[in-house]
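So that we are looking at the same thing, I have put the structure below in structure tokens.
As written, the chains take the letters A, B and C, and residue 1 is the first residue of each chain.
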Amino acid sequence: MTTDDVVLTKFPTGTGKDRPKPRRTPATWVRRGGLTALLFGLPALLIFGIFSWWPIVSAVVMSFQKTNLTDPAVWVGLDNFKEIFSDPLLPTVIRNTAWFALLALIFGYPVPLIGAVLMSELRRRKGFYSALAYLPVVVPPVVAVLLWKFFYDPRPEGVFNTVLGWVGLGPYSWLNDPHMAMPSLVLEATWAAAGGTVIIYLAALTAVPAELYDAAEVDGASVLRKVWHVTMPALRSILLITLILQIIGTAQVFLEPFLFTNGGPNHATLTVMLWVYQLAFTSIGNRYGEATALSLLLAVFLAVLSLVYFRLTRSWSTS
Amino acid sequence: MKSPRRYTVLAATAVAAALALTACSSNGKGSGDATSSAPAGDQKVTITVAGLLPTADDAAKKQLADRVASFQAKYPNITVKPEDYNWLASTFTAQLAGGTLPNVFEIPLTDGKTLIENHQLADIDKYVKALPYGDQFNEKLIANGTGDDGHIYAVPAKSIYAVALHYNRNLFKDAGLDPDKPPTTWDEVRADAKQIHDKTGKAGYATMALDNSGGWQLAAGANSRGGVIEKFDGTKYTATLDDPAVKEHLQWLHDLKWEDKSLLDRTDLGWGEINTEFAAGNLAMYTSGSDVYNALVQANGVTKDWGYGLTAIPTSNGGGALTGGTMAAVTKDSTDAQKDAAVKWIDWWYLAKLQDKDQAIADAKGLAEQNPPQAVGTPVLPIFSKENYQQSQEWIKDYINVPLDDMKGYTDVMFTQNLVPEASASVQDLYAQLFPVVQAVISDKNADIDKLLKDANAAGQSAIDSAK
Amino acid sequence: MTTTDTRTPLAAPAAVVAGAATGRRRRASYVEPDRGALSTADWRRPAVRHTWRTMHVLLLVLLLVWCLGPLLLLAKFAFTPTADIQSTPLEFFPNGATTQNIEMAWTRYHIGQFFMNTVWVALGSWACQVLVATTGGYVLSVLRPRWAKLLNAAILTTLFVPAVVLLVPLYRIIVHPPVGGSLINNFFAVWLPAGASAFNVVLVARFFSSLPHEIFEAARMDGAGPFRLFWSIVLPMSRPILGVVSVFAVIASWKDFLWPFLVLKDQSVMPLSVYLQQMANVDKGTLMAALAISTLIPIAMFLIFQRMFLRGAGLGGAVKG
């Protein structure tokens, strides 16, 4: 099923019976259900209009303006974009965001997959396993970050340093070391998110038709070969989809850098989204215009990814 | 910058102020009376005012409510609505731009000039001048709230501080140091920090590095070594973040961290975080405003016999202690009646207790009788004159419950030490440029201090230029 | 709008959306699968059995340590004196347990009050989302006026615009709404933008399209007008999809931080997530107790509605990045 189906599906409307009159007057419009449809459409029109379409348009407008939100805005052409591109922080935030995304893939991509494959072979207690895996996802993100921040206490008495001390490692500085800070953030983010990924894989895995395994067995395939040649190909599309979803998500990462380090130490964890926030809401100089310009740039990048994603889900769903 | 101290102090003031009220309304000679010269009359007016932090305790909340109630009893035509308030560099701009500040709000002393120049504060000149003490403000302080037109736009309200050195006397003792002889030079601070670290395993020294507070404390360090982070030649502001004194202080921090290993390994400590760590006994010395003891008592459970010590910040090369404080201001879009009511409230809430003996005593008594008792008598710099300050300290001497003997290192010199005002143009932007440098130096052994400062200075200068 | 949950709308694989209509098949699929890669014959072979059993046990241990461990530790901290949390976080109550942390969090910091704010935020967002999604879906899939096609396209387009773009302009709208005064510190500042979820509308519209149209036709024959049809026929039949939308709505508003942080600043409306961030500097023991309390309820909800949560997770794709 595709999006177009919604519109294309033939479905008789309430006015189907008396269609002979071609002339359209307000009265006929009302009688034919036009008013009713408008009434039902009103919540969506209003809410989307005010809180989605209009802000999108005004984001584009604002990116060409200087404004402090109260005084009338001034048109400045491409100045906001120029300032963003000439800001020495731009390469840093792009690098940091890419680094976060890459680390998130390294930490959070293979492990849930292996876990899900293992769990899909469980004959009993599968529900228990998946509940356990999903548990961290339920924890409110602010709670998770504040708890992990305590775990990352750099003193030798810190939780992680104590554990690593048992095997003679550390103490490490964790969030206070520019090289360790980002991996520390990603580790927590992975903890909080991996369960969701496991469940998606698990759902996809159980959708693998049993006949495929049966057929492979007829050919005498070993367990490993079955996993490699039947399970994995069946997961290909969902793997690609979660990959793109994860990139879209991590490109907008905000909470972890904001709460753990607020971009520090020395901008080592300043991400694009955190920078957008800081430009808009923390700089005295009213850099709303630059913030929207930057967010538009990020949006274009993400929209391209989403398009790819949408094509994939479509082909996946129709196949 | 002095952001988050506000709430704790505020909570404490709330408690005190409410008690003060009883005295004031019963004998009816609060200084507020004298201010009813403005045109308000019986016109109904509602103002919103900066209240407490959401995390303030119930006693403070109730006292604020009581204080509001009695204010309204005194001025029946005025309705006061306190709103949760927390000045943070990171959210203040959004509130200002969004027009969501209360009618009466608080700002750091140092931001006054910038906000006035940006036309973001209301002119409250005639209302302030009408106060009985309207012309008695400390000139240097009120200058921060005075525009080029000579009008007053904001008044110093509370927590006027000089940066000082706070230390843990018990850790000094444990390390074999004499807690009555705190260090007086940065070299002694370093030596003592090392000895404390080597003997006790605890960090000897720590510095704020999170957000603008990191820049604030670096500036304080540089000021104490005779440097400044901004110069003004009468027409133009110049950022001097690469001042040798800034570098000297960074190098000193670097050596503590990487040579002596006596510096607390944290780059994420702001004003509140470092208080928490200090109160937990994880560090021996740090610099912050001289009135931090109030917050340590209020928020971190420090008591008189905890072992707190306060001494002056070490100085060299003609340096001095960085000063700052909190001003109260009124939003631009307030009506005349609201401005009048707002200044009445500022008098009622912040200032009357410094001018009136009964209110001062009630205030101190209220704080001292809290459970647990809140700090009374913590040294701050005078909002009015030195004489006025000493007089008000005299009024409340029976209730003073802070370890004054252990604060002598500071109180002996507080009126004689060299004081350095904060930079005044785009100072928050300068702090924002400096804190990443502090973080770099204490998290990266090979940080190139010269290059970091050069880049920060360029960015700071462009912030100054673009603000004009 | 939830600034951090672009993933939610984007995470709506069309196929899964379609699958939502037949939720039963999906639920069945991960609770009791027909089979996996291992056949019954495979399981009878000792080598295979032992290997996989061992791996399963290892997995269990890993899950317990990695997923449950931090939460157990948090629970322990909630009852540990602050000094012990600071100096010996991993020892088991070296100086006894205490309930003081919990008392402080509850009575001094009023966790309960902020918890209720979160509940209000979630309820209002839920109501707004359900209203917009069902009426919108009804227009798109059942009433289908001429402009439905346009509306559909306009709603779908928003799926491709990440929430990050909306942050500043939306803030401006909340401060200066088209009617009335500033919505700062008003629940509506969160409720209304939450309704603009294209994902929900698409999900519900699809579901409505998949309902047997003969029933609608029959209802019309019996003289039911569009309102009757909506209220008495379509809505009651939509319970499965409404369940899914509800779970998303509640989870999203529970997790949201940045947007409420910007617009819900007063304690009378501030949700728990924002308040906890403000509490970061209080006494460690109290903080841990507050964190534990905040976690308890979502976990309890999860355990009760486990199947719905997991179905929602499988459905919505990676809700978390």
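FYI, a residue touches a chain if its C-beta (ideal position, glycine included) is under 8 Å from a C-beta of that chain, and two chains touch if they have at least 3 such contacts.
Nothing here was measured: the structure is a model prediction, and the numbers come from that model.
Colleague: By mean C-alpha coordinates, which chain is most distant from chain A?
Modeller: It is B whose centre lies farthest from that of chain A.
Colleague: B-C or A-C: which has the larger count of contacting C-beta pairs?
Modeller: A-C
Colleague: Please compute the C-alpha centroid of chain B, do the same for chain C, then give the distance between them in whole Å.
Modeller: 41
Colleague: Please tell me the distance, in whole Å, between the geometric centres of chain A and chain C computed from their C-alpha atoms.
Modeller: 14
Colleague: Which residues of chain C are in contact with two or more other chains?
Modeller: 86, 171, 175, 262, 280, 284
Colleague: If a residue has to touch 2 or more other chains to count, which residues of chain B qualify?
Modeller: 94, 98-99, 282
Colleague: For chain A, give me the residues that contact two or more of the other chains.
Modeller: 69, 280-281, 288
Colleague: Inside the complex, what are the residues of chain B that reach chain C?
Modeller: Chain B residues touching chain C: 4, 53-55, 57-58, 83-84, 86, 94, 98-100, 272-273, 275-276, 280, 282, 299-301.
Colleague: Under the stated contact criterion, what part of chain C meets chain B in this complex?
Modeller: Those residues of chain C that touch chain B are 82, 86, 108-109, 171, 175, 182, 184-185, 262, 265-267, 270, 275, 278-284.
Colleague: Which residues of chain B touch chain A once you look at their complex with the stated criterion?
Modeller: Result: residues 89-91, 93-94, 97-99, 114, 209-211, 265-268, 282, 426, 428-429, 432, 435-437, 439-440, 442-444, 447, 452, 455, 459, 463, 466-467 of chain B touch chain A.
Colleague: List the residues on chain A that touch chain B in their complex, please.
Modeller: 68-70, 88, 154-155, 173, 175-178, 260-262, 264-267, 278, 280-286, 288
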